[in-house]
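In the two complexes that follow, subunit A is the common piece, with subunit B as its partner first and subunit C second.
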Partner chain A sequence: MDEEPERAKRWEGGYERTWEVLKEDESGSLKATVEEILFQSKRKRVIESHEQVRLGMMRHLYLVIDCSRSMEDQDLKPNRLTSSLKLMEAFVDEYFDQNPISQVGIITTKNKRAEKLTDLTGNPKKHTAALKKAVDTVCAGEPSLYNSLSLAIQSLKHMPGHTSREILIVLSSLTTCDPGNIYELIKTLKSLKVRVSVIGLSAEVRVCTVLTRETGGFYHVILDESHFKELLMMHVKPPPASSSSECSLIRMGFPQHVLAALTDQDAKPSFSMSHLEGGSGGPGLSLGGYFCPQCHAKYTELPVECKVCGLTLVSAPHLARSFHHLFPLQAFVESPMQELQGDRFCQACEGELKDKRIFTCPSCHGVFCTECDLFIHDSLHCCPCCIHSHIGP
Partner chain B sequence: MASLSEEVLLVLKKVRQRKQDGTLYLMAERIAWGPEGKDRFTVSHLYADIRCQKISPDGKAKVQLQLVLHTGESTTFHFSNESSAIKDRDAAKELLQQLLPKFKKKANKELEEKNRMLQEDPVLFQLYKDLVVSQVISAEEFWANKLGGVNNTDPALFNNKQEVGISGAFLADIRPQTDGCNGLRYNLTADIIESVFRTYPAVKEKYSENVPHNLTEKEFWTCFFQSHYFHRDRINTGTQDIFSECAKQDEKGLKSMVIQGVKNPFVDLLTLDDKTLDEGYGVSTTLPSTSNANRTVKESSNYAIIKRFNHHSAMVLAAGSHFWTPLCITLPAQFFFYIFFETSSTDGNSRDSDFFQPPVKKVKLQEAIEYDDLQRVNRPKTVPLNLKKSDRYAHGPVPLQSQQYTTSQEIINSVNYIRHEMANYKPNLTQVLSSTVASSAIAALSPGGVLMQTGAQQAINQMIPTEVQGELKHLYVAAGELLRHFWSCFPVNTPFLEEKVMKMKSNLERFQMTKLRPFQEKIQRQYLSTNLTGHLEEMFQTAYNKFHAWQTRRMMRKT
Partner chain C sequence: MVMGNSHLAMSRTNKLAVIASHCQDSHFLYPSKSWKGADSGADDASSSGDGKYELLSVANNLIAEEMRNVMSKTEVRGNSTDTLLAGSLAKALCYIHRVSKELEVGQEIKSRILVIKAAEDCALQYMNFMNVIFAAQKQNILIDACVLDSDSGLLQQACDITGGLYLKIPQKIALAQYLLWVFLPDSEQRSQLVLPPPAHVDYRAACFCHRNLIEIGYVCSVCLSIFCNFSPICTTCETVFKIQLPHMVKPKKKKLKQLA
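Presenting the complex of A and B:
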């Protein structure tokens, strides 16, 4: 009865009326529909991302964390600041896992000023240590978008053209106190090809919408803590390169790991250059390690930038990890569960298939549940059944 | 001697220094004194070197001016002109008072910064001692990289001198606390004071006029907060406040701003009016007139508050635009009836009306009828990836020379063969190894055996005394710094870099001679058999090889 006039309207109008999808359940809550909408957008991202596009994989990302008075609000437990910092630590670890040749720096803003917490470096330990210490900061005043963006630009503008320059802002306040015209700064950002994304903790703010739209970033506002985590993890994947970024040859060193024993004739104990400062933490004199091919300085961990000659030192597996993004796993075919014949078991987790949807790998036709499909596409980057079938005789 | 192009600001005759008559000259960058009759200056000090000036008290017979330098020395000038001694001295003092601060900041800032860095970072301090004090490299080279910012930070931001905006709520944020006996306590920070001065320049003028001559700072602020100027019902009943003039100035300022109007084609300020319908459902039909006489008491106090709010917002915006000409700031929505001053910057490409000057009517209309969220999302165009041989990414590089290598089919065949052999294995106990040979082989392959040394953690740290390790660490830091300077010269493009590379090579050799060899000899005397400096020597040798390679290439290019 209702369907005929609706169909006619849709044909005439040609647009989706998303409000019709919202349905209340018995208690009047919209939670189920909201979750459904979120899930659909996640699936859309997976499907969209498997064309081959050029990505900016050497990334220089600045995280800007709002430390203003509104971060003391307790709607995220125990308060917004602690919760955000915890999620940031997880983000930093995941980021360096998926982008081993990139760098991160952290800026905080409060009292109408911005200050750098850590500089741009590729060492995740420094960032996690600084984030842990920052839990004790007093939240006061208003944040300043202008000052934090200009502070980030100071370093980003010196980065070479083939890298991707990004800023991710976590903004909980609804105001910003700026000493100048932020629209001018947005134009500067555009000219420097810096991509700014914002995650809002309170509500949508017009300035952030304009900022992200003009620079090509994303703007989202969180619903709750798990949504916050998802939005953060969305930024771990390298973004598509803009058409104007140059490509150039990058010089990198691939040092071999040298193991030596004390009984070898020419065993030379040496210090690693990265352990000279700091003092505590890490072994002192050691025999083996990675020696820079250009200047012969020693390091115990890779990837690192040689302090003596400035060469980027990586190992081949680090680069290979970035290939997951260039050759992404194909999206699995979604189908309703009723069509499945045979045993209703997910082939990855061996659990019973409870959802209404199942996903099938196009090459090996293995069947997976929703959770496993998300895990395979986000973290594993390869279908477990396809790998198994290659190994056997 | 004075260079001819130096600008002389003040000349004072009959000034004695060290019991000699002479003339005092104040130039653009220095102060100088020359004895009578001679052309040369015997005393000359740059303003940057002067720490402070002192004058003799007014009652004394001798009218003197003393300059104290940073180094601790002092020079005294005695003004001996009978008629105008005090005037001369005061003229010199005033001029110095104006000039010294300009030069003071520059010199002090750098020194202070250097000292601070040396104190904060003991590693840097040690490096400084090792390299500069022992004259391996000069101080300028040492500071060249450090002060400029190792991480490309702007030196201006080093001192946290960020420009700060003015929060629209700064007055509301002062939040006075009651101090128990019917009084209020206002906590003023430097930020709040600066905001007040920037927003209300009239108050700043009053401050500079009255403090510290008439009132102390505390009294000034007490007066400010008590005056009706600050409070919301600004009833100008002609009280003898120092701020009553400010109120009158503000009225004039507000009127002129309203007449200037706003650059939004849809807003005409002069036709805006505060029309209230009666309470309830607005049944009353009498139109209230806007003349002051007909206002009720309540309306007029509302009117006063609204005017105050508008004026405050306008002043905040005007103060903010001191650095930039057009401005668009969104103030917090605490004030209900304030006016948006939408003067904006220029950009023809943005769909946002804030980007246009003056806001183009067309874009404003478009904004009002279209809603972005309902439209399709336009993602920026992505660049497609053109990989010519994408299977190269799946395995490593293939060697170019013809090598003996097996195809994957051969490997599969051999695996199958071994599997077959293992399945059909029958022990042949007459042809096995003897037990002694077998047990020695097992011993060699267990942890700690001869063949398993490389896996074990070597406790070298315990074998070498900690002082030796500490010294070695310092050597590493110093050598690392020198080598970093050396490697930063490559590729050698400019003559400056050529000189630098040669200088650095000689520095490296000097370091090896003066620091490395003595250390090596010392540890040899301690009968430590391990070669502790071997790695450092390798690093130096690599650097020398690079230098020689560069030199030979340069020779070949020249010939």
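Presenting the complex of A and C:
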């Protein structure tokens, strides 16, 4: 294992005068400076993410949640466990929104053992239900990194090569109790091309630093709850694919949605295949649904993997959701308002340009205000004026 | 315009915006940028004296005038019959975003978009259109569609994803009636009314090579383009695929190009 030179720790560097960053305006309020700082960080995120790299679109992610005694600490309200589980639910929802064809599994670790809370599946409701139930678990004992990682590896190693395999660990304790040599396990992880990232809740632990550095993941320690949320959301975006992951054509089915009204003569109620494993309540019989094109098994929701024939079933909008990662929108050019001649109106929302800054799209030279710029880059992912000039007769 | 007036009349706090969209541009008919001037004019010649609610009469006149401006200014170039729907929807979303930001703390505004469409779909706009639909879904904005001529698959998908209503009007003379009956009520009131049943949406994907709708296809794991037949090279991102050979010979991998 090569030893990289350690970065200088923060206390070893020069003395930072952080109080000089904040400046008051004439009424004594700090609101303007705070907004400025938030705005700069948002802009940085937008600008950083624009490189043409191949991304791993189909992801298999295991979430490992530490349920040891240190999770009962109350520095995150009401206690670390409840707060982490709540943030996990939001993370799972956002994750499936941005990566609809991926799968997630959850593992918990306590008492020096690890157990699977949910298997790898693409259905977000199962995960949120399991996370809600897990709030009542008793936190006891010490976590075991080795056991949780080997449990995750057992299922991840059977996944096809074109998917990206990831593990995200939320670790709050400073210790881990392992039955074997964890450095050997790290070598195994590297050979299986699994990327492990850790979010620490207490302090930096050396074994995690080595783990993430060797496998190519990120290691961060949270400052407070909003920072925790930000770090979690960082993992929602697809990571750059490792150069050795295979690219292949995946066979998928696009089933039609059959809506049958009660007055239809031919409509026969049938069971949905997903209810076979003790479904989430509700009657099993339903009139309409999605039929697998290969074996005609019925499912009520997509995306799903057909249990009979093994074909992945998706619908076209699911694939379309991931398109904006592949064709990202360019960052707009910022310029002060004095340079603008002519009407002072934002071309997207028709509002007056009140801020000191305007943004110009580099390809169509449309002018936008700050709010629209943030909205366009966060949610819309396409420039309203470029769409118009795209099609000319 | 009847629809707009009745919406404004339903509640004092309702607001309205109208956008015209044609093949080269989309244009805000109401409220327009020069709105500020009309506000302060006391001797405004356009306000009618027949007892109508002031806002409604001003709105009507403005819409009519802007419509005349738009029709006279644009020269018809070429014979494209498709409208730039995605662009207009994007502008509408930005407008809604701005209006909701300008509200005071504690106030909420629920927004929806009604699209009245007579032209055909433009297939080139698919990706932008889907981006706009997902953004609307995230903001909980319903998109309703009222289609006059030909069915539009894109709008059907939009209404299904965002939870709005899609209706193809059988008789054009009864346009006002349909608009008032189906699209005027709010989303909460809609659950208590008997409305036209949801249309069957075709969610099958079109393959990139022939543009046929397929039920089973092959998806490239890098660029997510869909093909109907297995081919060794993806045409969009030019990645070479590993073919499963029966014997253990590794095919030579060509140098992988980056996404163009």
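The definition used in the following text is that the second predicted complex is superposed on the first by the 278 of 393 C-alpha atoms of A that agree within 3 Å, B and C clash if a C-alpha of one lies under 4 Å from a C-alpha of the other, contacts with A are read in each partner's own complex, and residues count from 1 in each chain.
By our rule, a contact is a pair of C-beta atoms (placed from the backbone, for glycine too) under 8 Å apart; a residue touches a chain by one contact, two chains touch by 3 or more.
Everything numeric in this text was worked out from a predicted model, so none of it was measured.
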Touched partner set for A:L380, first subunit B, second subunit C, both or neither: second
Which superposed partner A:F345 touches (first subunit B, second subunit C, both, neither): second
First, second, both or neither for A:Q154, with subunit B first and subunit C second: first
Contacts of A:P179 with subunit B and subunit C, given as first, second, both or neither: first
Partner chain(s) touched by A:S322 [first = subunit B, second = subunit C, both, neither]: second
Subunit B versus subunit C as contact partner of A:A203, first or second or both or neither: neither
Contacts on subunit A seen with subunit B and repeated with subunit C across the two complexes: 52-54, 241, 259, 261, 294, 316, 323, 326-327, 393
For the subunit C and subunit A complex, residues of the former touching the latter: 23-26, 28, 31, 33, 77-78, 80, 82, 84, 86-87, 90-91, 93-95, 97-98, 101, 122, 124-128, 130-135, 138-139, 157, 161, 197-198, 200-206, 214-224, 226-227, 230-231, 234, 239-242, 256, 258-259
Subunit C-facing residues of subunit A, complex: 52-54, 57-58, 97, 162-163, 241, 246-257, 259, 261, 293-294, 311, 315-317, 319-324, 326-327, 343, 345-346, 348-351, 369, 371-372, 375-376, 379-382, 384-385, 387-388, 390-393
Contacting residues of subunit B [partner subunit A, same complex]: 123, 151-154, 157, 160, 162-167, 191, 320, 323-324, 326-330, 332, 344-345, 347, 350, 352, 354-355, 374, 380-385, 387, 390, 393, 396, 416, 453-456, 458, 460-461, 464, 469, 472-473, 476-477, 480, 483-484, 487-488, 530-532, 534-536, 538-539, 542-543
Residues on subunit A engaged by subunit B in the complex (per definition of touch): 15, 51-55, 111-116, 119-120, 141-142, 144, 146-147, 151, 154-155, 158, 174-175, 177-181, 183-184, 187, 206-207, 210, 214, 216, 240-243, 259-263, 266-271, 273, 276-277, 283-288, 294-298, 307-310, 316, 323, 326-327, 393
